[in-house]
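One chain, chain A, appears in both complexes that follow, with chain B as partner in the first and chain C in the second.
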Partner chain A sequence: MLLTMKPTILVLAIASKFLRLFFMTAFLICGGSALGAPGVYQKPSDFVKSSLGQIPATRAITLTGAQQTRVRAILGKNYKSKAIRYWSAGGKTAYILEEIGKTEYITTGIVVKGGKIDAVKVLIYRETHGGEVARDSFTRQLRGVSLKVDSQLSKIPKNIAGATLSVRALTKLARLALYLETLK
Partner chain B sequence: MNPEAPRRRRHRSRQWHRWIGLAAALPLLWLAISGILLNHAATFGLNDRMVTSGWILRHYNQIPGGDPIGLVVGDRVVAGWDGLVFLDSKQLPLRGELRGAAALKGQLVVATDEEMGIFDGSDELVLQLDELSLPGVPVEGISVQEGRLLVSSKVQWYRLSEDFFTFEEFPGIVSSMPPDLLEANLRKELAEAIQTRRAMPLSRVILDAHSGSLFGWPGWVISDLSALGLVVLTALGLRLFPRRRS
Partner chain C sequence: MKAQPALLGALMALASAPAHGVTLEELAARLDQLEKKVSKYEAKYGPLENAVPAPAPSDTIAMPTPVSRPATGIATAADIDAAFMDEANSGGAGNWTENTTLGAYGELHLNQGDKEQIDFHRFVVFMNHRFSDRIKLFTEVELEHSLAGDGKPGEVELEQAYIEFALDQGWVVRAGQYLLPIGILNEVHEPDTFYGVERNGIESNIIPTTWWEGGAMVSRDFPNGFGFDFGVHSGLAVSTDLTSSDAFRVRSGRQKVAEASASDYAASLRARYNGVEGLSLTAFANYQNDIAPESPEDNSALLVGGSAVYQNGGFGLRALVANWNISGDSFEANDADNQWGYYLEPSYHWKFGEQKVGIFGRYGYYEYARGAGNTRGGEFDELTVGVNYWPVNNVVLKADYTQIESDDAPNNETYNLGLGYSF
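Entry: the complex of A and B
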């Protein structure tokens, strides 16, 4: 009976051929996508225009020493520039903010209205992993969120496995936008 | 039933075992040694040892490609290399191809085709301007006249306001200094500074060499083939394990 059975090695050899083909194809595809260009979801100017209905004149908040300290408490470091631009129209303010996820900047558009977040959109995502934060299902959680006295968000968004650093970066930017709104 | 059949199969299995073993020996040896090193990375101090080899850093895309361009503003060297911008070998948080740099009232203005940064005396970024605030992108060049910043875009010069947020067309004749190929000694200094600053921890390099990803897809394929080879070797070994009937 043993002799009538297909030799195990033959089965393995055939299986390994398919496995090899599968892995090679999979890695070629995955490798190619990992080296791709940054994901541009929306141009910052298009975001401002679609959020505010126009592109208003640019304004900027130049952070004082004390304000820098608050920003440092939020981000864990200074913001990349001392002056942060914003655009206001119709009671809404749009901020284009950047924060590093793991190694690359995530460019994010945040609209604040009446001290609460009205919209969040990841505009340019440059990291190789964690792009799930750009999905609506994540950014929707930040809508209507405000800043508590301790500079924390009134509602913490749920973490995404494998995108923890990007989630943290976006949460920090939401806190920063709400803080900047108090400085205008 | 052919009485020679089991013997032939056994012989074939041994042949496969021998040749697969030979082919997989080196990669498996590397996997075993690197695995041990990674498990004891802290003990061996692999997290603190940094790799500065240009060959390795190129695999991590840490060494820019092509030729660097730059210009001298006062005693500062502003350089652009493969989409990255440097000030005296320190990377600036600007993206794009360097278009120009100019000193303006104690500040340094650096422009790429995509954006512009205004840096204070301590090289801190004061303000970053992009397509939302500039007269147009791509920026073609910048200049300073009568204490005001001029920006060229779409074959037209614009004069920016003191706060940089508004602009008007500038009809006058403007001379600007475009960046040129960086001199050999400056290029060498910049390359050395990049290599030193972007050094990778040895543990990270070993981890990526262990998984094969350091060498791109060929590395992954070799790692996978070695792993599959190990599975086949195990199966063949088990097959050869029973004692031969006398």
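Entry: the complex of A and C
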């Protein structure tokens, strides 16, 4: 019975030319009048401040050739820059790292404490599909995770259907943050 | 920290000192003084190579920091945000090459058994362009079966071309030609993201994957894990010609937005839930005002279904059900008013560093329109078991055995090998 019930909204949406045009026009006007930045879950500066209680002086790790090789093994390519910023305070280090999911950079904040991930927060999500990686139910899986000898995570987060590429990107960034921690 | 400008000043003075009239002894004395200053500086502030620049005066304008050479030292919140949110950094400004991204996927299939064939089934290139940080273009062009043209087996298809407008709070609007939010594989079907060489029969014959239409769609995600997509778009045009083997077949009704009939429209709705770790649930519906516009009778149609995907460690489970109800005497008389199917697919994978091996089994049942002469459709039981091997995340080698049993058609057994990639 349930399978034969027509969802009223779908029937209404295309019931007449007028309604079809109304929906399409409404969608386009919504899109055209968009004012905000896409998928900004938290400003990078707010992430640093909320993670460390302050905005400490910016520091940077400049990767040597050998270190770039290790990074390539983690990411499958070089990181977008040789020098990577971080902020440290109270025994914690906050990294803001970026990796492409399918075609766009996912800007991610990662806090490391005592060689383990303390927190992961997706700050800016620019991809079309896979925004589920920004949810706490996914990122909290990475808490307490450390890096094994083979540069893999001690615990692999569960995949999300439809967000496989974004899950891979965040997993790589978690590994990268833990590796960078060993270089400080 | 404040000593650094003085130290740099001393260095510059030394470097710019005229060589004329300065004896070697005087130069040695100056170097000695400089060494003492450096020693004092390092004792107070640490090694010189770790030095950070002094903060900019408050009345100067903070410049965005280039990512390739990040500045260190005292940073304001605006500096940090500019470094990561600036459009130039994320590819949102500058020349078109910086704003344009390319990607691709492809899959080669080898079938042995009742079907013996080798086929580069799909070769896909996508190109996306960012007009601004919130307005983007997504396109995808596909060459199917390697060779297209008159009398050739393949097609060149524009699979997607839409503009996406990203709004605050997770609202997204897209307009153009887009993949419908129906089923598991329709939107995400890169070969390295699913098990099995060939796509399952339910998401070919019941949900006509890959299924795209022209129109507009709005999507929204909520922090509690719920989300939805709602679109109004062009519809299907299923044949009711009793002489055609495609008669009443939903898959053959795709117009592919190619000079497609726009006399009747359709709408899609999907609800999503991803609030539980490892679990993704969807419920979806598609309503066609008239699924057979060429037919004189009213043939409104409704597809409803749901999917579940669960992953816990190496264990994975996919399940999907989809059901069409199509009104009209012609569909009813040809046993095509109810076309439906489901499948269950448990799997398990092991990781070895970068490499991964997974095994799976899939059982599915589906029934769809037989068409004229009972040439295609019917009721089918489909069983597939196989293995995927990923040497790296984006490359997959596949092998499986598929058995399709039917009272309406000869049983079919194939051994399949596949090679797939995406980036």
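Assume the second predicted complex is superposed on the first by the 147 of 184 C-alpha atoms of A that agree within 3 Å, B and C clash if a C-alpha of one lies under 4 Å from a C-alpha of the other, contacts with A are read in each partner's own complex, and residues count from 1 in each chain.
We adopt the following convention: a contact is a pair of C-beta atoms (placed from the backbone, for glycine too) under 8 Å apart; a residue touches a chain by one contact, two chains touch by 3 or more.
Keep in mind the model is a prediction, meaning the values are calculated, not measured.
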Handout entry: Touch count on chain A, higher of chain B and chain C
Key = C
Practice task
Go through the superposed model and pick first if A:Lys158 touches only chain B, second if only chain C, both, or neither.
Solution key: second
Exercise for the section: Would you sort A:Ala83 into first (chain B), second (chain C), both or neither based on which partner it touches? Expected result: both
Handout entry: Touched partner set for A:Ser45, first chain B, second chain C, both or neither
Key = both
Handout entry: Contacts of A:Ala60 with chain B and chain C, given as first, second, both or neither
Key = both
Fill in the blank from the handout: Interface residues of chain A shared by chain B and chain C, listed 3, 7, 9, 13, 20, 23-24, 27-28, 31, 43-45, 48, 55, 57-60, 80-83, 85, 96, 105
Problem - Residue numbers on chain A that touch chain B, as the complex places them - result: 3, 7-9, 12-13, 16, 19-20, 23-24, 27-28, 31, 43-45, 48, 55, 57-60, 62, 80-83, 85, 87, 96, 105
Handout entry: chain A - residues contacting chain C, complex
Key = 2-4, 6-7, 9-11, 13-15, 20, 23-24, 27-28, 30-32, 34-40, 43-46, 48-49, 55, 57-60, 73, 76, 80-85, 96, 98, 100, 102-105, 107, 123-124, 126, 128-129, 131-132, 135, 137-138, 140-141, 150, 152, 156, 158-162, 164-165, 168
Problem - Touching residues on chain C, where the partner in the complex is chain A - result: 52, 67-81, 83-85, 90-91, 101, 103, 126, 128, 133-135, 138, 163-175, 184, 187-188, 190, 193, 215-218, 221, 223, 225, 230, 232, 264-269, 274-278, 280, 285-287, 289, 300, 302, 304, 307, 309, 311-313, 316, 318, 323, 325, 351, 353-354, 392-394
Completion exercise
In the complex, the residues of chain B that touch chain A are 1, 5-6, 9, 12-13, 16, 93, 117, 120, 124-133, 163, 165-166, 216-217, 220-221, 224-225, 228, 231-232, 235-236, 239
